[in-house]
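Common to both upcoming complexes is chain A, partnered first by chain B, then by chain C.
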Partner chain A sequence: MDRNLGILVAALLLVASTCESAIFNPVSESHRSAASELLSSADGSFGSLEETYEALKTFEVLGIEKKPDIRTSACVSAVKILSSTSSALKDLFHALRVNGVLKCELNDQAFPGIGSKLKDSLNGASSLLDFYYSIGGLILIKDQTSEVDVHISDADRIFRSIKALSQSDGRWRLNSNNPESSNDAAGIALEALSGVISLASSEIDSSLIATLKNDISKLFDGVEKYDDGTCYFDEKLVDAHGHKGPLSASASIVRGITALAAVSSENLNLPGEKVLGLAKFFLGIGIPGSAKDLYYQIDALSCLESIRGSVPLILSLPATVLSVTKKDQLKVKVSTVLGSAAPPLSVKLMQIFVSGSKDASVIDQKLKFDPENSVHVLETLPTNVDVGNYIFSFEIIFDEPEHKNKYATGGRTRVPIHVTGVIKIDSAEIAILENDLGSVETQKKLDLPGESAVALSANHLQKLRLSFRLTTPSGQVFKPHQAFLKLKHDSGVEHIFVVANSGKKFEIILDFLGLVDKFFYLSGTYDLQLTVGDSVMENSFLQPLGHIELDLPEAPEKAARPPPQPVDMYSRYGPKAEISHIFRVPEKRPPRELSLAFFGLVILPFFGFLAGLFHLRANLKNFPKSIHATFAILFHLGIAAVLSLYALFWFKLDLFTTLKTLGLLGIFLMFVGHKTLSHLASTSAKLKTT
Partner chain B sequence: MGRSTTTTKDAQALIHSLRTAYAATPTNLKIIDLYIVFAVVTAIIQVGYMAIVGSFPFNSFLSGVLSSVGTAVLAVCLRIQVNKENKEFKDIGQERAFADFVLCNLVLHLVIMNFLG
Partner chain C sequence: MAAPKSVAVFFAVLNLISLLPFIAFSFSPDQPTDRKILVLLDDLSLKSSHSIFFNTLQSRGFDLDFKLADDPSIAVKRYGQYLYDGLVLFSPSADRFGGSLNIEGVLDFVDSGHDLILAGDSNASDLIRNIAAECGVEFDEDTSAMVIDHAGYAVSETEGDHTLIASDEFIQSDVILGSKKLEAPVLFKGIGHSLNPENSLVLKVLSASSSAYSANPTSKLSNPPSLTGTSISLVSVVQARNNARIMISGSLGLFSNRLFRSGVQKIGSLNKYEKSGNEQFVTELSKWIFHERGHLKAVHLKHNKIGETEEPSIYRINDDLEFSVEIFEWSGTSWVPYVANDVQVQFYMMSPYVLKTLSTNQKGLYHTSFKVPDVYGVFQFKIEYQRLGYTTLSLSKQVNIHSCVSFHKFC
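What follows is the complex of A and B.
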C-alpha cells in the first residue's frame, strides 16, 4: 500500500515536473498606454464605423477617457447611417453599436423604422452573417430604447435555421453554399443563437439548447494547447482579407460562449481549465502591435471578466527574483483578467521543485494576506531554499466553497523563481611552489573581492597555486558558472585558465615547466586577473590580483611565435601604403628617320618596275575600244576600289563592314570582269582563226 | 691560270647564251618576270629592315613579307599558265588565268590587310 502510494506520488511528480511553468500578468498600465498610442488618430475619426466601434470599446474597457472630437465625429457618422432609409444591414449594425457606446442624440422616430427593417431582414435571412447582424441590431435597439417591440415570434424556426449551418465538429459554416467551416463563424453563430434565446417571445424547446451544449463541448474538444496551459482556437483557412488567425477566432468564440452563458437558464458546464487557458492565451500575447489585435484581446478579456460560471482568476507575481541575503519576501497577487479584485481566498505554497533536477519538497504553507496592497505574502522563504532556480507550485483556496462554481483557478499554478544571494569567498590565497618538492616559497593571503595587489616572481621551474572557497548564504558549497584566472603579458598576449573545484575548495595550479611552450617563451610581467561569476551570485566580480614576474628560458628555433595582437584601430583602417605598379616595358622601336628611310627604300622597286615596263615597251594597244571600253575601265576601277577598301580597312573599318562591302564590290567586279575578259577572249579567238 | 680564264670565258658564254635565249621570250612573259623581280626585291628589303630593327610587330613583318612573296608566287603561276609552250595548260585561256590571278591576289591582300594589325 505504501509502496504503491509512493510510486503514484513519484509518477505524479514526474508528470508534474514535465509541465512548463510561466508567468501571466493581468491587464496593466502598459495596455492603456499602448491603446492611447495605437488608437490615436489625427482628425478624431478611425476610418470605418467598425473600426470606430472597436476603438471606442477598447477605450471603454480600459477606462480611458475619450476625446470629445472622437465622440462628435463618430456620432455624426452613426446618426447619418441610422437616419437614412437605405443603409445596408451591416452598416446599421455597426452604427447601432457605436450609438450604444456613445449614446448619441438620435431622433426617436428612427428606431421603429430600423426595428421593422431588421425584422424583415431577419425573416428573409439565409447566411450566418445576415442572422447575426439582424439579431444583434435588435438586441442593441432593445438596450437603447423601450418603445420598439423587438421580440421574435418564430424563434424556434430561426434557431433551427442557424443550427442547420453547424458541422459535426462543433464549427459553423457561413452559408449553405460554402462548405468551409471555421471557428470564427462558430463564435458568430453562438452569439446569434444567444440573441435569439433572449429575444424569443415564448420559451425555446429545451432539447435545442441541449444540442447547443453538445456543440460547445465538441468545439472545446478541438481547442489547441501549449505546454504551459494556454489554450486557443486556431483557424485553418485563410480569409481573402488574410486577417483571420488564432486571435480573432478565439476572441469570436469567447464572445459567443459569454453571450450564451449569460442568457441560458442552466449552467453550460464550460471546462474551467480551458477557459483559464483561453484567458492565459489572451494575456500571454503581451501588448499587441495593431489596433485590431488590441481590440480582440481587450474585448475577449472583458468577456472573460464576467463570464457566468467560470471567471478565470490569474495568479501573478510582481517580482520573480528574490534575494536570500536581503531577505526578500515572496509576494503573490490574485486578480481577474482585467485586474479587478478577486473574491476572498487564500493562496498556499504547496511544493517547491528545483529546476533542472527531480528534487521536490512538499511545503503546504499558507501565505499571509495583506489587505492594503491586496497581495499574499510569504514572509520567510522555507529554510531549504538556497540560491538557485526553483519552480514554486501554488494553489488557490476559496473562503466560500460556492465560489468554486463561479471561478476557474486551474488547480496548481507553477511559477519559476530565481533566488539570488551574496556568496562568501574565504580562505583565498596565492602561493608560489617549488616544482619537485611542492614546498612553498611565497604565500600571500588574498582579500576577495576587495582590493589586493600582490607582486610575485617565479621562474619556469616553479608552480603558481591559487585557491579559495565559495559558500552560499545557507552554508552550502557553491559552484559558479564562471571561475577564470587570466594572465596577461605586457605585449598583450593573454592566457585564460579555468579554476576547477574539488570537493569544497576551488584550486588551480599552474606548472610553468609545462606551460613554457603555451606562453610562447615570453618572459616578463604578467598581470593576474580572477573572474568569478554566476546568475544567482549577487557579488560576481572581475578582480585584478596583482602581477607576477615570470622568468622563462629562451625560445628555441622552432618555437611558435605569439599571435599578433590586434593593431590599433586607426592604423588598421587608416590609409595604406601607396602601391607602385610595374608596367611592361614597351618594346624598343626604331627611330623614326630610319623607318621613313626604309619606307622610301621599299617604294623604290615599284618605280624600278615602272621603268622596266617602259624599257620593255609595254603598251595598251589591246585595250578594248568603244562600247567594251566601259567594261574594261569599270574592271580596273573595281580593282582599284577593292584595293582602296583594303586601305580603308586598315585605317578605320572593321572586318564585318569590309567583308560586306567586299561582297558587293566582288559581285560587281565579277560581272564586269567576266564581260571584259570574255570579250577579250572572243576577240583573240577571232584573231587566231582568221 | 688557264683554267680560271676558261671558267670565266665559259661563264661569260653561258650568260650571253642565256641572255639571247631570254630575249626571245614574248613580251607579256617578260612583264610578268619583271613583276616577279619587283615583288621579290620588296620582300628582301623588308627582311633586311627586320634584321636591322628587330621583329617587334612580328605579325606586321610576316604580313608584309608574305604579301610580296605571295604575289610573286601567284605571278609565277600566271606565267606558267599563260606560257604558250606549256602543253598542259592550253585549254585554259589566258584571260581565265589572268582572272584567277586577280582574284587570288585580292583574297591574299584581304588576308594580309587583316593580319597587318
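What follows is the complex of A and C.
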C-alpha cells in the first residue's frame, strides 16, 4: 500500500516528483458544486441512515443551504427506529445522529428509553464498536435533550475496558478475539474515550489520561510522511468494498483526536507539523468521486478546522506563475482548511531558492496585507529574481504571540514559483559557409519570431550556420530548454538538431560533409524550422525559416536506406475504383440469307441421295411380317429414341442422365435387334436352302 | 465407495451448469450484452478520483470488477473460459500483476477478441511498456520524460512547467470519436508514444502539436529528444484483425475527475472553455473500444437471376443477376441499419472481374445488379469492407459459371 499510495499522491496531486514543495488550496466553491452533484440522488433519499447522515453532515460543513428534500423521508425512518424498542445499537446511533442534524419532531418520551437501553448495552459491551455506538448515542442524547441523565458512574471501568483493546503501537483492536489492530479502530477508540471523559460523573483517573496521551504520541509516530509534508495514517486492512483505506483511517483518527482534545482538560501536545500534514493530505485528494470519500474528507477537515491546540493554517497562492513582463504581483493567502479567515498575522518571504540548485538568497521581507481581498501582497519581486523557476520560502508570524499555541503553521512553507517573461531575440542570422576557408557565401538576417522565407542552396562541401541571441528582460543570457532546428526533406525524413549556446550566442553549424550519411544521401529541398521554447519564456515560438536546396553526392551501395515513413491513415481506407467486365465482342457473322443459301447447298446432296434411292427402286418389301414386324418396328423406334436422347443431351440433359438412359435403351435395343436379326438370318438361310 | 463418488461428480457437473450463465464471452454479435470488465488499479483511491469515468461505464450497463493490480486473486480465465469481456489497466506502476495474470495472459486475452484500455503515466513500469509495445506502441524509452509543449500548453495559474497540454489534434473519424464535434481541447499530462509505421492496425487518435517534444522537464537537453512534433501520439487505438479493440493512453490523469471538470484555455487562443474536452473524448472513445459503435455485421447475402427469387447453383455467361446484402451496426443496445454509400461487391476469381458500389435503401439493404462475365470458372461474390474505425467486413459466397453449350458439360 505504501507504494500504491505514492502513486495516489503523484496521480492526484500531480506533484512533480522532484519538487519537494507543493501548494494545497483550501476547500473552495468547486467542492460545493461537486458535493451537490454527487449527493443529489434522484428521489431525494439515501440508501441508509448512515449515508443520510454523511450526506447531511457534508452539506452542513460545506454550508450548502439548499438541502435536497430528504428531511421528510429521513425523519420518518429515524423516528421509526428511535421509537422502536427492538432497534439495533448501530441503527439507534445513526438515527440519533440524523435526528441531531435534522431536529425531527420526536416526542421526548422516547429519549429516556433509549438512554437506559444504551446504558445497559454499555455495561454489557465487549467489542469496541459496541462501546462506540453506546457512548456516541449517549452523547447525542445529551446534546438533543436535557431531560435524560446520561452520566456514567463507572467511567473508570469503561475507560479501562476500552483501553484494554489498545496495542503497544498506538493502534486498537475491534474486539478482544480479533488479533488484528488498525488505525481506523484507534480513531473510533479515541472518540469513544473522549465520550467517556465527557460523560463521566466524576473526574477520570489522571494516570489513565497520561497513558492515553502516550498512546496518541505513539500513534503519530507511525504516521506515513511524504517529502512535501503530507502525512496520513496507513491502513493495512482493506475491506472488500474499498471503503476502508488511508482516507477513512486518517479521517477516523482526526475525528478521535479532535474529540479528545475538546474534552480533555490538559493539552494533548499534538505534533503541529503532523496535524498540518494531515490537513494537506485531505486537501491534496482534491474532490473525491464517491460520496463516502467526500464525507471522510469534509468531516475530517471540519474537525481540523476546530481542533483544539493546533488548528492548521494553509498558506496558498492563487497564482504561482508570475510574469515579470506583465508585472504580476505575488499574492499569498492564509486561511483555515475550510477557507475561513485566519487570525491576524503577517507573512514573510524568507528565502528564494533557484530551482534545481542549492543557492538561496535570504530576503526576509514582510508582505503587505491587503484587508480588502484578505491577501498578502509582495508588490515588486526582488531585483535579483529574473525569469526562471524558483522556490520561495514563506513564514507565518502571528500578530498575537498566544496564537502560536492555537494554530499549526508548520514553520516555513516552500512554494515553487515560475517567473515568466518575454525573451528578447536579436542578431538572428543564417549563413552558408565554405568548408575549408570558413568564408561566408550567403548570409541572411532573420526576423524572430516573425515571418521569414529564406531560400538557400548548398552542396556537401559547405556548411550551414544559424545563430541568434536570447536575453531576459533584465539583460541576462537566457538558455531555453527547447532550441531545435529541424530539417525536413520532401520525402518526410526529418532531422532534428539541438542548437547549443556558446557564450552569449546560440549557434549551430551543420557541416554537410559529416552529415551526408545521416541524411541518407538524399538531395533536394529541405524545409527549415526553428523551435525555441521554455516554460518561463512567454514568447516561445515555432517558426518555418524557409528552405535549403541540398546537393549531396550519390548514395554508395552500402548506405543505409531512409526509414519508412508512416502512411497517411486516411488514405488506407475508402472505396476502390469500380471495375466492370469487358465482354468479348461476338464474332462477325455473314448475313442470314447467305447462311440459309449455304444451308440449302449443304442439304442438297441429301435430296440427291433420296432421289438416287428412288431411282434404284429401293423398297421395304423385305420388311418382316406378322409377329416379327413388331420387333423390327421396336428396333427402329429404339434407334430413333437413342437419336432423340442425343438431341436431348445437346439441349438439356447432363452426361450422367444421358448415359443411364442410353444404357437402358441399349439393353432394349440388343434384345429387339437380336430378335429381328435372328429372324432375318433364318429367312435368308431358308432362301438359301430352298 | 462408488456411490459417493458419483454423487460428487453429479454435484461438480451441477456446479458447472450453474456457473455457465456467468461465464462471459468476447463481444459476439449473437450475445452482445452482459459485459463484464476487470479494472486493475494501482490504488483503490483511483476508484474515487476517476469515478466519473467509471460511472459512465456503469451507467451504460457494464459490470466493473475493481481489483488492485497486485491482488493475488486476479484471474481472467477459468476452465478455459474468459471471465471478462474487457480489461482496464489503470496501474501504470505495476511491475507485475497478482494472481495468474501476466503479460502473456493479457495478450492472450486480447488475441481472443477482448478489449483493453491501457493507461501509462510518467514512470510507467516495464510491464506496462511491454504490453503497449506488443500492441504496436512504443512509449518514450526515457523513463523520466514527459510530453512538453511550450506553444500548446493549457494556460494555468499554478502549473508552470508546460507539461499539462491542451491538444485538439484529433483523428477525423465520427465513428471513433462520435458525431458530436469536440469543441474544447483535451487536457493531457503524461508520456508520449510513437507508432510503428509498418503497423497499419494502430491509429493515432490524439496527437501532439508540432512544437511538442518528449523530454525530462527538469534536466537540460544535450541530444535531440527521440520523440518530437506531430509524430508523438498521446492516445492511440488498435483494432486487431479479430476486431479486439485496444486504447493506449500515455496519461492516467486524462481519465481523472480533476481533468474532466477542469476548465481549459490553450495558450495563444482566446477561447476559454468551462470544461475540458476530456469527458466527451474519453466517453466517446470508450464507446468505440467496447464496441458500442463501429461494429458491423453483414447478413442475408443473396444473389439470383433477375426476375427470379431462388438462388441458382450455377450461372451461365451473360446472365443478368441481382446481388444484395444487409449490413447492421451495433448501437450498444440493438442492431441498427448501417447507412453508407461506399459498400462495394467484387465478383472475383483470382482477381476482381466486376467491382461495383452497392446502392442502398437507407435501411441497411445494399443491392446491385450486373451481367455475369463471359468467363467460365468458379467465382466468388466478395464483400471486403474496411473503413477507418469500423470492424472489417469480409465475406464471400461461391458460384459456378457454366457455358450454354454441351461439350462444356464434361468439365
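Everything below uses one rule, namely that the second predicted complex is superposed on the first by the 444 of 690 C-alpha atoms of A that agree within 3 Å, B and C clash if a C-alpha of one lies under 4 Å from a C-alpha of the other, contacts with A are read in each partner's own complex, and residues count from 1 in each chain.
The criterion applied here is as follows: a contact is a pair of C-beta atoms (placed from the backbone, for glycine too) under 8 Å apart; a residue touches a chain by one contact, two chains touch by 3 or more.
All figures in this text were calculated on a predicted structure; none of them were measured in a lab.
In the superposition on chain A, A:N175 makes contact with neither chain B nor chain C. In the superposition on chain A, contact of A:L655 is made with both chain B and chain C. Once the two complexes are overlaid on the shared chain, A:Q167 sits clear of chain B and of chain C alike. Contacts of A:S684 after superposition on the shared chain: chain B is touched, whereas chain C is not. Judged by the touch definition given at the top, the superposed model places A:G245 against chain C, while chain B stays out of reach.
In the superposed model, A:G286 makes contact with chain C only, not with chain B. Counted by residues of chain A touched, the larger count belongs to C, out of chain B and chain C. Judged by the touch definition given at the top, the superposed model places A:L601 against chain B, while chain C stays out of reach. Judged by the document's definition of touching, chain A residues 649-650, 655 lie at the interface with chain B and also at the interface with chain C.
Those residues of chain C whose C-beta lies close enough to touch chain A in the complex are 42-52, 54-55, 66, 68, 92-93, 121-123, 148, 150-151, 156-162, 164, 171-172, 189, 195, 197-198, 200, 203-204, 210-211, 213, 215, 217-218, 220-225, 228-229, 231, 252-253, 256-258, 261, 318, 342, 344, 346-347, 352-357, 370-371, 373-375, 386-388, 406, 409-410. Residues 27, 30-31, 34-35, 37-38, 41-42, 45-46, 49, 52-54, 56, 93-96, 98-99, 102, 106, 109-110, 113-114, 116 of chain B are the ones touching chain A in the complex. Within the complex, the chain A residues that touch chain B are 587-590, 594-595, 598, 601-602, 605-606, 608-609, 612-613, 616-618, 639, 642-643, 646-647, 649-650, 655, 658, 662, 666, 673-674, 677-678, 680-681, 684.
Those residues of chain A that touch chain C in the complex are listed here as 1, 3-5, 7-8, 10-12, 14, 16-18, 23, 30, 34, 238, 242, 245-247, 285-290, 293, 317-321, 355-356, 389, 416-418, 420, 479, 481-482, 484, 486, 494, 496-498, 500, 531, 533-537, 540-542, 563-567, 569-570, 572-581, 583-584, 649-651, 654-655.
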